[in-house]
């Protein structure tokens, strides 16, 4: 196992704006789908299963996003996710979206485990925590994914 | 004139997810609409006019978002925008989304002025820069809007 | 009272596709919002109130839509709704979307009153049926709205 | 070759509404994606290639949709498309969306071939017409797909 999950998504007509590029709110649907797939495939719990078996939901509480280059219709985007840290009920990770060798966006995300009924943060269920910790202690991804440069916007 | 722009948007069925709350990618449509309205009403240039008269477009290059509390169907959300700084071709601002007295989200956004044909950053047209600078030098909003606390996620 | 309800919506950046016109799935968000507003303003029951006080929801079961002319960024669209018939638990109506004098689309829609818990069709609650019947027996709209021509596509 | 094209799409969180079912405007994104994939895979022309090589776009001018049963998070939906007729510049087809044996929706759609620059209907380019006619003259799909019953809504 690696601390690395990749979900490929193709830019479709529905994602593009009058400038012919991805309208940025659509990227968040793609980021959310990447997280949905990570839970399903890497942790073994789809959002449905999270809800029905563990009675939790995992809303996003913080995102920092740098939009580095535009994406175009039919671009094949690779959303590459690596975990950063797990808290009592939070999970921090980053997603880099690449098209070939080019970084299109980088996001640093925090989500929280919430009990569906009580609507408050609860500790990660053991079955999820174990898997998350195994991933965090696994080897790094094939090559170090660069952290977003906090000064990236300063070039303008 | 004040360094303050408010756009009210009501949470509609189309914004809500199976948990009955605003699905976070929909907030970015609301944030984008707030910016669209700011250009239209405060700067006097709708996105159409920006495009056709000034040949520029203003894509977002960076957003930091803290989702503080959930929003529900039919909540009346006030998106309150204040400018932070203007660069050669960038604009930095924050938007606080409130429902009554409660802060629902805070976003710190940077956008850039791009020439539509050449697809590269260009200096702000004088007509926009003048208005932006006038707003920046105007009095503060009615009450100081608190800056997002970078440690807000740490409570989890 | 008239058998006529109008909801104005402006075409925003989020509605437009790479051809610079409204992407047709976005029209259905606009149609749904028109219905949401009709229930809220004309019948006095928002979707929230429908759900919490009457325990019903009103999903769409059939739509016929003719897309007559394209709509562009910042067009001011008038969605004009007239009721056609009420059944035991169904409601039939049409919505014509105009921009100035030009018809942009026409939709004939059937929705159904469903009990939220039992997930099955139920008769319209009396409080809604009364209002719907009053509207149906009210005078026609200012001028007769033309019915979609079933052969409209044949000109191509 | 058969007059039959299938595109499978999974219901994701982004498609679902507060009732936990697919919000109907999202079905139109799925229908549009099915058409996008049909052009790409069956006709060999992606929307990008249509635009850049043939200078055409294929907007939808008419849709009749019957929503038969609700769809839920993570349902695996099969969108099954069969062509009905080709006109000088129009294409008529139907899409049945199934989940296992259950029909969820049926749509009858007409789209039109438009020259991108002149914004008017043009005859199908020969390279597309040939492929469309070959599909139309091919054998029927594995089993006859039932036509929507025009009276389907009358049961309510």
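We just call them A, B, C and D in the order they show up, numbering each chain from 1.
As a working rule, contacts are C-beta pairs under 8 Å (C-beta built on N, C-alpha and C of every residue); 3 or more make two chains touch, one makes a residue touch a chain.
Fair warning: this is a prediction, and the values are worked out from it, not measured in the lab.
Enquirer: Taking only the C-alpha atoms, how many degrees of rotation bring chain C onto chain D, rounded to the nearest 5?
Expert: 180
Enquirer: For chain A versus chain B, which are copies of one sequence, does the interface use mostly the same residue numbers on each side, meaning over half shared, or is it different?
Expert: Same; most numbers are used by both chain A and chain B.
Enquirer: Please compute the C-alpha centroid of chain A, do the same for chain B, then give the distance between them in whole Å.
Expert: 23
Enquirer: When the C-alpha atoms of chain A and chain C are each averaged to a single point, how far apart are the two points in Å?
Expert: Taking the mean C-alpha position of each chain, the two centres sit 37 Å apart.
Enquirer: Just how far, in Å, is the C-alpha centre of chain D from the one of chain A?
Expert: Centres of chain A and chain D (C-alpha means) sit 31 Å apart.
Enquirer: Multi-chain contacts only, two chains or more: what residues does chain A have there?
Expert: 13-14, 19, 23, 25, 29, 32, 73, in rising order.
Enquirer: Along chain B, where are the residues that touch chain D in the complex?
Expert: Touching chain D: residues 13-14, 16-20, 23, 25, 73 of chain B.
Enquirer: Within the complex, which stretch of chain D touches chain C?
Expert: Its residues touching chain C are 19, 21, 23-26, 28-29, 32, 57, 59-68, 70, 87-90, 92, 110, 112, 116, 119, 121, 152-153, 156.
Enquirer: Considering the complex alone, what residue numbers of chain C touch chain B?
Expert: So the residues of chain C in touch with chain B come to 12-14, 29, 32-33, 36, 46-48, 73-74.
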